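Shared between the two complexes below is chain A, which pairs with chain B and chain C, respectively.
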Partner chain A sequence: MAFRKIDIDALEEDAFGEDEIEFQEIGELRPLSDVEAEVNSRAQEVRSLLQRGNTSGALTTALQNPPYGAPYHAAKARNTQTVMEAVISVKVVDMAQVAKGLSPEEQDVLMKYLYAGMAAPEQYNSGHLLSFHEKLTEVAGQGCIVRVITDRRTV
Partner chain B sequence: MSDAPIVNEFNQGPISCHAFNGDRTELAICFNTNVVSIFRKSGASWTQTSTLAEHDKPVTSVDWAPRSNRIVTCSQDRNAYVWTLDGATHQWKPTLVLLRINRAATFVRWSPEEDKFAVASGSRCISVCYFEEDNDWWVGKHIKKPIRSTVLSLDWHPNNVLLAAGCADMKARVFSAFIKGIDKKPAPSPWGEKLPFNTVCGEFSNGSGGWIHSVAFSPSGESLAFTGHDSTITVVSPGTGDVQSIRAPFLPYLSVIWLNESQIVAAGHDCAPHLFELKGQQWAFSASLDAAVKKADVGFTARDTFRRMDSRAQSATSTDTEVHTQHQNTINSIRPFSGTPGHVEQFSTSAIDGKLIIWNAHSISRGLGNLHL
Partner chain C sequence: MSNTLRPYLNAVRQTLTAAMCLENFSSQVAERHNKPEVEVRASKEVLLNPVIISRNDKERVLIETSVNSLRLSIAIKQADEIERILAHKFTRFLTQRAESFVILRRKPIEGYDISFLITNAHTEQMYKHKLVDFIIQFMEEVDKEISEMKLSLNSRARIVSESYLSQFN
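Up next, the complex of A and B:
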């Protein structure tokens, strides 16, 4: 099956490559410092909401304007941490209600973060994420999962 | 007319594409092979009358011009043929079309006037084909820019000039396919006024990525609907500047048609046609048109329970693997069957399960209360 290893795009002068797809989907990248500042201030905001016991508010805030784009590796990890803090504080019995309260866009973003969280089982409690995943799928349907797979704007 | 959908089972393998003739008495259908079979309606069933065998790779799309009674087929072998019926012998005669593409042809549609057709392909272009009297030959003119990947679907605007294309580069576009000498200058529309060939009249994205599987102009041509692999349906109306993306909670839709100006039907990986309606100014999912009745468990005994557990590692209560819809696999094509473009009464769907189903759209408005997911 050697032919499967041939990179046929290398033979094509004008290939539709990853870089171009990412540019098309994400657009012009913002300066790194801006993104990091935004992510950090959001982390503060989410934490203060959590301290006041406003879990759904914290989750909604955490899901706004996530950093997209390859260069923001650190900011993405930081933002995942922020979202996870909000997700972990949602009790299992409240999950369905919280998921219903999100807009369709927020539901899609939350699904992205649930998968991102499950990709790091040593850091985040997969059991908790899995039950949130189940409740979110009941509310937002399989379409929500499909959109996580197709979306090039990864978290 | 009964409201129940008419199910035609061919049992010849997955259906890759289908098209009816003008009066719906004949059917061209491809079972994912390199031949297209022609069936004639006899009573309630369909009898095969001939085959169109000229392609040497699987046929990807077929279209039947209703008035001029010509069939066009395209295939992975990078060719398209126009088939005309020889009056004396009643044989279909192929004419090769010069597409000039170096990848598979994916989709073909006659223009409303039937004097042109467009072939989408993997070589990042659309071949707009027309008959050149001087050479007695079908020739193609390429729409290239700014397509970046395989074109997956096409739809003609009622004015015979504009052409919508759904593409694997996550964009739906509207082009001008104006051919000098064939088309008259079109009346200005919301899509544009001056329309030389290859003018890009619109470029749209669905928001969350994914290939654009299907595109469809509304009956008036004022709006365009397209579906993507991200399970969304987007409706754009350049006249009002309105762009609405509906995030469906279901699996992606592969095909979409308009029943009228305020109803859209889409179907795909969920195996059932879904209705979307314009309520006020807002498009929203309305209902599944497949009642999806659960089949009663027949002969449900302890023995069956154990057999099921043994063969499928499932307990008796779990029936998640059954598909309760009429189609048992992905629907890949929806086409209008009866009615007029602005008022479709029946439409047909073909699917990978080898079934072709004709659905009544008129039962929708009446029995909407009874339908559920």
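Up next, the complex of A and C:
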């Protein structure tokens, strides 16, 4: 069997591929320029809110409409940076309050970004993310973590 | 630095409890076969998103799950050459006895020092919360053991060198 060179299961018509799974979850993909423009304008908004000291508003804005979809690598990295800027600005004592103020969808998106941030510990402060993770799990429960692991729409 | 240990272990405990929802699932590729899907990785739809929990850039835990199995890989903190050697020997000691260990994987995943493979059969035979407790305790103990070994190594080396060199005094 090792001599077979063609992966016949992948060529079968009914094969359920990655793009089909994505299409089911996300639907039609928007053009790349639209998504990148949205991510950039959101980054500007978040930065101005942070400068004014409105950390919870900045976090809520940063968590809106994340760029789900395979082709948007650069936009995803940019958005992760924006969300991390907002997360770092939240002080440890305020974390529980901020977490309670988020809607369930925003809590799920935040949890996704916490894990995305922890995947790059050289760039982002893992200790801070861990404290936020603890507070968010207390508020949102383990279901939030399950949704992060099972949701095909990553980051 | 040590004040990140509690949140780190808590995060790993919560994520592990959330991820350890395993059920029996036969292979979709070969009939009458039942394989841990996280190892085979043949069908994309039974695999879930892998998740990394890190305390700093040296200590990380990678949790990959699927419908019937879960793979957990730990990167142990190794500050210097001695600790690297000790960690390597310690993990080799354990992985050579992986059969008695049941949930241990013989080879760690790339980039990590030791890996566990937990399947639905294990969760059926053993308590889930006890498995999680065991992993967390393991993570705590490994660090302690390695620093203990390093201390005893250094003190033994000092005694030996003193007694040897004293004859040249």
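General remarks:
Note that in this section the second predicted complex is superposed on the first by the 142 of 155 C-alpha atoms of A that agree within 3 Å, B and C clash if a C-alpha of one lies under 4 Å from a C-alpha of the other, contacts with A are read in each partner's own complex, and residues count from 1 in each chain.
Just so it is clear, a contact is a pair of C-beta atoms (placed from the backbone, for glycine too) under 8 Å apart; a residue touches a chain by one contact, two chains touch by 3 or more.
All values derive from a computational prediction rather than experimental measurement.
Contacts of A:93 after superposition: neither chain B nor chain C is touched.
Shared-chain residue A:104: touches chain B; no touch with chain C. In the superposition on chain A, A:8 contacts neither chain B nor chain C. Shared-chain residue A:151: touches chain B and chain C both. When the shared chain is aligned, chain C comes close enough to touch A:127, but chain B does not. Ranking chain B and chain C by residues of chain A touched puts C first. Applying the stated contact rule after C-alpha superposition, one finds that A:24 touches chain B and leaves chain C untouched.
After overlaying the two complexes on the shared chain, residue contacts for A:140 are found with chain B alone; chain C is out of touch. Shared contact residues of chain A, touching chain B in one structure and chain C in the other: 16, 21, 142-143, 146, 150-152. For chain A in complex with chain C, the touching residues are 9, 16-18, 21, 115, 118-119, 121-122, 126-127, 130-131, 133-134, 137, 142-143, 145-146, 148-152, 154.
Chain B contributes residues 148-149, 169-170, 208-210, 228-232, 247-252 to its touches with chain A in the complex.
Here chain A touches chain B in the complex through residues 16, 20-21, 24-25, 104-105, 108, 140-144, 146-147, 150-153, going by the rule given at the top. Of all residues in chain C, only 3-4, 7-8, 10-11, 14-15, 17-19, 21, 29, 44-45, 48-49, 51-57, 60, 65 touch chain A in the complex they form.
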